[in-house]
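In the two complexes that follow, chain A is the common piece, with chain B as its partner first and chain C second.
And now, the complex of A and B:
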């Protein structure tokens, strides 16, 4: 009862409230209440997620499993960030009588420093590395093996050229009346016609799937999100 | 030659990419840009709004997409400043909290210092809310329910800019700069479409194809990654000559490395296929 019916009831009531609030204007205020509840739950999810991360990495370190050193670095970074953020280390408020009143990410604070000089450069570097791997993959994997792959390759060439000045320059001799034959023109057609048609088909399919799954969840037919009995 | 290509160490490819990207940056190379329709639609709409219109700028991205999206934010905020629109900043990303603050400092407080914009009167930073798409849903009826205070936790009711603001319907434009979830789709589904508020989007390159089905009815226009920023900067420079200096336009500057990187990738695909067809040809002969 507590493991299955009660969670389903919460889901069903919340779902019905949101549907009613959407379709019945006088009940629109209900979704604001649901929003406030969701805010609290989402904040709690941060706590649960943090605790789970802590527990998993601690287990890995204590068992000396392969790569435990990385877990130690993760935990150290996690604890340092949490402590300087929670205790507003280095935050200077506008009023010295209320030193805790300043914003936790105020410029010059320890958390601001960590974000500015550790988190931002690290994550920026990681994503910048993608350019190197994309180049390597382009050489090794992008082959015209069949008709579909050749079409994909042709579209990729046109878009790659059309999204830079190279495409404009290469087809600069084409008169304005035939701009659809330039690389930027062909790029616009690929994105605006072929891509849009494909995307719309996918979106409609997904929307129908979401509606069907939501209905199954609301009616209690699908309870897979609650986990199995053994969990 | 084919053997050399077949056994090419990938570190040579990495070196080629490094050179293709770094030389144009060091040489400060730039190419001319011509704004396309999806960008011009956004530019002309912001340009045509009366002075003091309300624009909501949602920075729905973190530092991972900063390289692609920061030039879009700068160009659009610059345009809003020129037109003296009222700007409401917010974010739906927990690691995106400092990003609106940075743009406010660099554009509103430094570049447009002479305009004397006042915090709370001409612009405000609402900060972050963790309720994902529910933030948008609730803002559709009551913005202050989701953001009762600004980022400094000062009550919103105390700021003149928030006096006549109740819901998203009071915004003349929603501009989301987005990298994924929650972002573009959620703003269309729960913000602009049901309320009939104009929405413009600045997105990463990988997300841009997903935006096209919404153009032009549910989405006013699209600034796709660096190219979108560069085109917006070009439109701004056409209208306001003070912004013709390439040094001020990060999008245009960043298009030069992209130009050479794209050419390199095309060259690598061609070379890879040369090896592939040479192998097939040799296999058929045997």
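And now, the complex of A and C:
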């Protein structure tokens, strides 16, 4: 009862209130309140996630498992960021009477330093690295073996050229009356007609999928989010 | 010594020598950040506190900032360390990766978790006077609000969520989890149906024959709209699995696949362009901010 039925009742009631709030304006306040609670619980979930990360890496270090040194680096950077962020190290508040009122990421603070010189370069370069892997994977996987693959490749080629100066330059000799035949013109058609139609159908499909899944969860048909009994 | 080790040693030594020569022999050196002092409250006669703001080296008041210069070199190291993975997995990449995991996990906990949610949305409701006099002085204006005891509910649910960390009694964490799932399912269901389902259908109900102001048929706009509506129907036919894809439906679904392939091609192109833009940003950082080999924005004295 407490482990399975009661959680489902919470799901059903809160979900129905959220839906009802859309149709019954006086309930909108409840929706806002639930939204704020949701954010608080999400913040608590960050704590659970952080504690899990800490425990897992600590276990690895204490067991001296392979790569424990990297776990030590992770833990060190985690703890340092957490401490300087929570204690607003280096933050100067606008009002001297409220030294804690300054923004946690004010320019010159320790958290700002970590964001500017560690977090941002690391995340930016990590995603930039994907440029090489996307290109390499595409080179290996994309072959114009059939009509569909050829269409995909051609569309990608046209859009890539159409959105850069090279595409404009390559078809600059085409008269204005036939601008649809230039790379930027063809890109506009691909994006305006084919891409819009495809994205629209995908979005309609996703919306129906989300609605169906939500209904299954609210009606208790799908209770996989509760995990197994042993959890 | 292995041949590979020799090559890397030579490369590192050459890179180091370049940095030393560039730093000592060029007119302006490299990899430094400058700041200038500004008053926190310029209007106040009593508050004489100062803070540092980034300044171009050409500014008369600019002074070298050791923490920011160290930061610049750390950022350059991390950038090169991540890029080194292009060669193969190595110790520098692994260190950078470990730092990224630690910093990003804590950064989200501190920002989105603590300072953006727990303090203003939970503790400020439960103890507005205390929080107002500590970290949120705006709460005290014009007068602090009354404590909102209803906020005890998310506090209790939050503590229950933390029970997931306990070796036994982790099931208690299912209740707040159920709340999260319920709210998310309810909001998302309506949100998707309204913003995606209905609005996308509404946007697709457009005239197939478009007339100009002069009362003539606008052929291009008509073709465009027809292609769009037909494409949406064809793609939906492909997604509709309750009917066997044979005959007319099959042919329509096949055209839908073609539309989808062009869509995926365009998405792929955008993904590649986005990543290339990020890469260009990092390369600019290395050559401009760190090595001072270029100065496209004219931030310094030039390269």
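Convention: the second predicted complex is superposed on the first by the 219 of 231 C-alpha atoms of A that agree within 3 Å, B and C clash if a C-alpha of one lies under 4 Å from a C-alpha of the other, contacts with A are read in each partner's own complex, and residues count from 1 in each chain.
Please note the rule applied: a contact is a pair of C-beta atoms (placed from the backbone, for glycine too) under 8 Å apart; a residue touches a chain by one contact, two chains touch by 3 or more.
Small disclaimer: the values here were computed from a predicted structure and weren't measured.
**Student:** Let me test your reading of the model: by the given contact rule, A:168 touches which partner, first (chain B), second (chain C), both or neither?
**Tutor:** First partner only, chain B.
**Student:** With the two complexes superposed on chain A, say which partner A:82 touches: chain B (first), chain C (second), both, or neither.
**Tutor:** The answer is second: A:82 touches chain C but not chain B.
**Student:** Answer with first, second, both or neither: which of chain B and chain C does A:153 touch in the superposed model?
**Tutor:** both
**Student:** Going by the contact rule set out at the top, does A:184 touch chain B (first), chain C (second), both, or neither?
**Tutor:** Touch partner of A:184: chain B, not chain C.
**Student:** Regarding the shared-chain residue A:138, is it in contact with chain B (first), chain C (second), both, or neither?
**Tutor:** both
**Student:** Return the chain, chain B or chain C, that is in touch with more residues of chain A.
**Tutor:** It is C that touches the greater number of chain A residues.
**Student:** With the two complexes superposed on chain A, say which partner A:192 touches: chain B (first), chain C (second), both, or neither.
**Tutor:** both
**Student:** Looking at the overlay, what does A:51 touch: chain B (first), chain C (second), both, or neither?
**Tutor:** second
**Student:** Touch check for A:28: first (chain B), second (chain C), both, or neither?
**Tutor:** After superposition on chain A, A:28 lies in contact with chain B alone.
**Student:** Need the overlap of the two footprints on chain A, from chain B and from chain C, as residue ranges.
**Tutor:** 31, 34-36, 38-39, 42-43, 46, 101, 105, 107, 115-116, 119-120, 123-124, 126-128, 131-132, 134-135, 138, 153, 156-157, 160, 163-164, 191-192, 195-196, 199-200, 203
**Student:** What residues of chain A sit close enough to touch chain B in their complex?
**Tutor:** That would be residues 28-29, 31-32, 34-36, 38-39, 42-43, 46, 101, 103, 105, 107, 112, 115-116, 119-120, 123-124, 126-128, 131-132, 134-136, 138-145, 153, 156-157, 160-161, 163-166, 168, 184, 188, 191-192, 195-196, 199-200, 203 of chain A.
**Student:** Which residues of chain B touch chain A in the complex?
**Tutor:** Touching chain A from chain B are residues 8, 10, 13-14, 16-18, 21, 31-34, 36-37, 62-67, 95, 97-98, 101, 129-132, 134-135, 137-138, 141-142, 145-146, 151-153, 205, 208-210, 212-213, 215, 227, 255, 258-259, 261-266, 268-269, 271-273, 276.
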